[in-house]
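What follows is a structure written as structure tokens; I'll ask about it next.
We call the chains A, B, C and D, going by the order they appear; numbering starts again at 1 in every chain.
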Amino acid sequence: MASTFGQLFRIATWGESHGPGVGVVVDGCPPRLAISREEIQAELDRRRPGQSRITSRRDEADQVEILSGVEDNLTTGTPIAMLVRNSDARGGDYEEMRTKYRPSHADFTYQAKYGIRTVPGGGRASARETIGRVAAGAIAAKLLSTVAGVEIVAYVKQIGDIEAKVDPATVSREKVEGNIVRCPDEILASAMIDLIDVTRKAGDSVGGVIEAVARKVPLGLGEPVFDRLEADLGKALLSLPACKGFEVGSGFAGTRLRGSQHNDPFFPEAGRVRTRTNRSGGIQGGISNGEDIVVRAAFKPTATILMAQETVDVQGNATTLQARGRHDPCVLPRAVPIVEAMMALVLADHFLRQRALCGRMT
Amino acid sequence: MASTFGQLFRIATWGESHGPGVGVVVDGCPPRLAISREEIQAELDRRRPGQSRITSRRDEADQVEILSGVEDNLTTGTPIAMLVRNSDARGGDYEEMRTKYRPSHADFTYQAKYGIRTVPGGGRASARETIGRVAAGAIAAKLLSTVAGVEIVAYVKQIGDIEAKVDPATVSREKVEGNIVRCPDEILASAMIDLIDVTRKAGDSVGGVIEAVARKVPLGLGEPVFDRLEADLGKALLSLPACKGFEVGSGFAGTRLRGSQHNDPFFPEAGRVRTRTNRSGGIQGGISNGEDIVVRAAFKPTATILMAQETVDVQGNATTLQARGRHDPCVLPRAVPIVEAMMALVLADHFLRQRALCGRMT
Amino acid sequence: MASTFGQLFRIATWGESHGPGVGVVVDGCPPRLAISREEIQAELDRRRPGQSRITSRRDEADQVEILSGVEDNLTTGTPIAMLVRNSDARGGDYEEMRTKYRPSHADFTYQAKYGIRTVPGGGRASARETIGRVAAGAIAAKLLSTVAGVEIVAYVKQIGDIEAKVDPATVSREKVEGNIVRCPDEILASAMIDLIDVTRKAGDSVGGVIEAVARKVPLGLGEPVFDRLEADLGKALLSLPACKGFEVGSGFAGTRLRGSQHNDPFFPEAGRVRTRTNRSGGIQGGISNGEDIVVRAAFKPTATILMAQETVDVQGNATTLQARGRHDPCVLPRAVPIVEAMMALVLADHFLRQRALCGRMT
Amino acid sequence: MASTFGQLFRIATWGESHGPGVGVVVDGCPPRLAISREEIQAELDRRRPGQSRITSRRDEADQVEILSGVEDNLTTGTPIAMLVRNSDARGGDYEEMRTKYRPSHADFTYQAKYGIRTVPGGGRASARETIGRVAAGAIAAKLLSTVAGVEIVAYVKQIGDIEAKVDPATVSREKVEGNIVRCPDEILASAMIDLIDVTRKAGDSVGGVIEAVARKVPLGLGEPVFDRLEADLGKALLSLPACKGFEVGSGFAGTRLRGSQHNDPFFPEAGRVRTRTNRSGGIQGGISNGEDIVVRAAFKPTATILMAQETVDVQGNATTLQARGRHDPCVLPRAVPIVEAMMALVLADHFLRQRALCGRMT
């Protein structure tokens, strides 16, 4: 179980869905960063279930306790441990899953790999694991905004076949938070909400795409050849439950262009080297070029649906499963702060790595 | 410069395009694996430039020398160092690039990050860096085939707008090697070759998609939560030059389906748990489920084109650049063995990790 | 702050002396290992302050809570998080230390490095940090005893100038626990206790040496060249507060012998290769040879003493400090279970590494 | 085979004694450091065999080739690969060792661990492996001297029972290089040389202690809790062949003192916080305090001696072995530059880590 992420700004998450709690240890955060419990809690509130009618109705306050590493709202340079107790855990909803594998869920592979698995809530495979990521990401984001003014904004770009047009250069957190699906296009947001509602009532689920932008990222982050910035961002987002694809800049669409159409011409502007277009998505040769970093992550429809499905039981016999429980019909609205957190974690890590490699001694 | 990849089956590549040579150190390969220089050379031959009329005309034999770690064609458990000398290096083609940044290439970001860069051949940003990956990948692939019969096959799936239909379950290496573009669909392969030819003559470049399949992968590889198999495969492919996107299984297309359409029903077959469909791409909950692992990587059109482009010089002034040199108009045919190598490296690493976590002591 | 240790059996400790608590996350423990809270608590009880008249009188029950990764007394293969709340924390004892650096303590260097430090209890530099190590070590030791019957026993070998003769091949945990100083030589133990008592009354402190043995260690653990078993054991013990030296086998005394006197002759015994002597300390070429692994760690006298000392204040002025508080006059009796824990952590890690490198797939 | 060392200034060594060559890849060296091949060669010359009558008579020039990462005597920030070809390799001397294990050598444990081993020269267990360390260490030392004026000097402190008194604060490289045993006490150096000569003629070997000092080390290097500076230095030196013990500052002798005798009083001097004594060895709480860092490493007598010894053969039968070949009767004179290299590697790594954690953005 590889629950550690990052080289220098390093996190270790832990915890099962229906156990005592979930949490994270952040090791490597620079000292004297101003951070309050409330700033971290605000991000967890954006992630928590029960926040709107289109999310899981499991009702968890998800209150975070900082156990170490912060004194008088300043980091001390020591590990920051954070704990969120589980509360509204109804193990009873999972009885049938004790003996039957949910299709396209982690039940079967966990059992096959470990020879043991935690049934209630999916245990470690639960989306509750991402609580630790969001709490750690809040600190990473604060570091980035403090040292370099970095702004990270994610938003729902597509739900099912409904796809919004959003300008990453100007989209604001306020706009994203303006509706419960977290799509800054208000009209399409409304359609998306309707689609999720209908899907939920049918006991089904729906997928989509989240787009995220990081603005004012310092020039020079990312380390060729293996830890290119896009490679680490890709790994970060592909490590999220239900994520099946990742793109940076022009992505898959860019494969259909010629080089002469795809290249981003350079031009000088106010002493900086800028690009006229941004098909590179802010990264060239694996290193940030100072333009907006733009990425997209594909999320499949949630595996747990309330319809009858063909499956096998733990003895290997054919059977049918109809799940119960309080599941998200669509993970994307709650995944928005998680995507932001992962992006912040990668950028904070590379910020420190760049400081090590090319920085000065204070 | 993070030139190390893998946790247990670990490689470190080194070398610049026009320096004395390039190479790799493989640390962590199990002892007593049968491997010959010829097996490694065969993969390098598939990668080398000058192999056909649609690749770079730089003519390099790329002969590999094994410097350590192998005795009498058996690995000894010690680091395997391999060296390929550079030979056909014409620095003169790069004079103009000394003072001007190529759009969408690594010139500007390397200079900005390191304050210094190697101009001839793009130095470390050259595709020659992947020689070490291919040599190491040949060993990883041999390990996987020896211990578990794993078969890895990659192929060109799309060039520009030309997209082939290929069945990952049955495609063979022989079919892929049947034409110079490495697309197993012979008719479309011919069209792709024409497209690349036309593009090359125009001094332009073209992108595309490579698909890869790993068959007979043992059940249980991959470590949630951060080192999910798809996350590590994604990072591996996104670390390749020009790669802008990654998908596993249904990928971005799967985001448009409902859960009831997307889930892969389980059924029992000969004592194994199988899935009727494979939208999961052989990975569930971050862990291999025994089905074929299917991934796709998007490659943008090569940045270096022979047409005049708007750019800036190293003093920050607006200027125009028209590149010379022997560049690939399309990286995909030569990237096929590189994609296979990266896939083998990730799977070999996770094979060893699984053996550590859940294995037995001999 | 590098609070992570181990490659495969990996721990991350966190927590300050006078904060909400201290703890650890264990990542990489194999699934289905039987372990109970009580087994872990038993080790913490051996480490806790206030256990006898020669240890700190701070009275902490140090009750551990397992937050994740264990279900029905079986590990699940997921991260095991453990928490110990701080209780008997008297910050008032530390007022003077807020403005004055204790000689030979971590006060000055923490302030210089981080620009901030936690004063009460020394914060992260407190020996309370080792609680997480002991909790994690209990799991590592259980793994080793379960899979290979490994026995680890540490004991006080020397206090000040009083040095005991102990046979590592036969010493038992029961014998060690037979007195409060944890020296298996009963007569010298009594003298050691007297020495510590006298020293405590004088407001002074005293150092010594702990010896530890691991018996029935599988042949083949340890990875040349950098992760030799003695190198990792050395790092593990030298990472303990107050540890200033490390030896394996003959150690410093062995430097005075000739090769013909020092070499351990091999002989066959019951199908095994044995050595007649054990100056190698059970490790040859960095790899365990199946004999007892014997190491020693030197602990300096505790820095915090209750006598007046010359020092400087945080403004850099010369001053005098006379510490108050409940400090250990001698860390060694309580360090015995900590040394065992570190040894177990290193051996468990190398056990998994050996299984990865040279093992079989189940 | 863990042949990688360091977190940020990271090296990977490779190569066997009698194979094509040995070498190293340095990954993470900051760009624009001035370094020449000659500076690296100078350190290798101090390490090479055949340099005097008291070292192995194997005559190797050990000429280093820089294969990548350096251009016009400046590092480029990319991996620096270096190669030294083996030349004077006489495999014939090792015929008997093919079937018999040398006592206290790595023969038996390598065979037991890997199931295969390279016989000639001991393969990877040969001291030739340290060539890569010395080459990399030369770069690390140059980095440290360039950015902070750090001076590292190691010297032979003891051979057999002959122990020199040396003042680490003032000892110079010139003084150390003034005689072939590398002991700055000229009179005792002469006695040491005689002792080694006599031992060599007897076909025996002798051990000793190397002491090393690092002066002008910046305040603040080292990361509690696991990567304390003394823990990483200890691991570095204990990873050297034949090293059986490590001390920092007062070491084992300090365990016999009281706290009131051992503590280093602070005093102010020219705006700096200094200590009146240096029993801490320049490290407090795991972090450098600005005083001289002083460490000692114990080296056992070389295992390979030319006298008949009891052993077993590879079939497990009792037998007798009398080694041939050109072995060092005492490793210490040649180990001096190796100890310096390891110390430089650890300090350079922690220098970069400190810059990452507490540095500024340029």
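Quick note on the criterion: a residue touches a chain if its C-beta (ideal position, glycine included) is under 8 Å from a C-beta of that chain, and two chains touch if they have at least 3 such contacts.
Bear in mind the structure is a predicted one, so any value in this text is a computation, not a measurement.
The chains in contact with chain B and with chain C alike are A, D. Pairs A-B and A-D differ in how many C-beta pairs touch across them, and the larger number is found at A-B. Averaging Cα atoms per chain gives one point for each, and the point farthest from that of chain B is the centre of C. Per-chain CA centroids place chain B at a distance of 38 Å from chain D. Centre-to-centre spacing of chain A and chain B amounts to 26 Å, using the average Cα coordinate of each chain. Centre-to-centre separation of chain A and chain D, using mean CA positions: 45 Å.
Counting only residues that touch two or more partner chains, chain A has 1-4, 13, 28, 31, 77, 113-115, 124, 353-354, 357-358. Across the complex, chain C is touched by residues 1-5, 13, 101, 103-110, 112-115, 124-125, 129, 158, 160-161, 199, 204-209, 219-220, 222-228, 230-232, 234-236, 238-239, 241, 243-252, 254-268, 271, 273, 275-276, 279-281, 284-290, 298-305, 307, 309-312, 316-318, 353-354, 357-358 of chain D. If you check the complex, the residues on chain A that touch chain C are 1-4, 10, 12-16, 19-23, 25, 27-28, 31-32, 65-69, 71, 74, 76-81, 83, 113-118, 123-124. Taken together, the chain B residues at the contact with chain C in this complex read 7-8, 28, 30-31, 77, 147-148, 218, 351-362.
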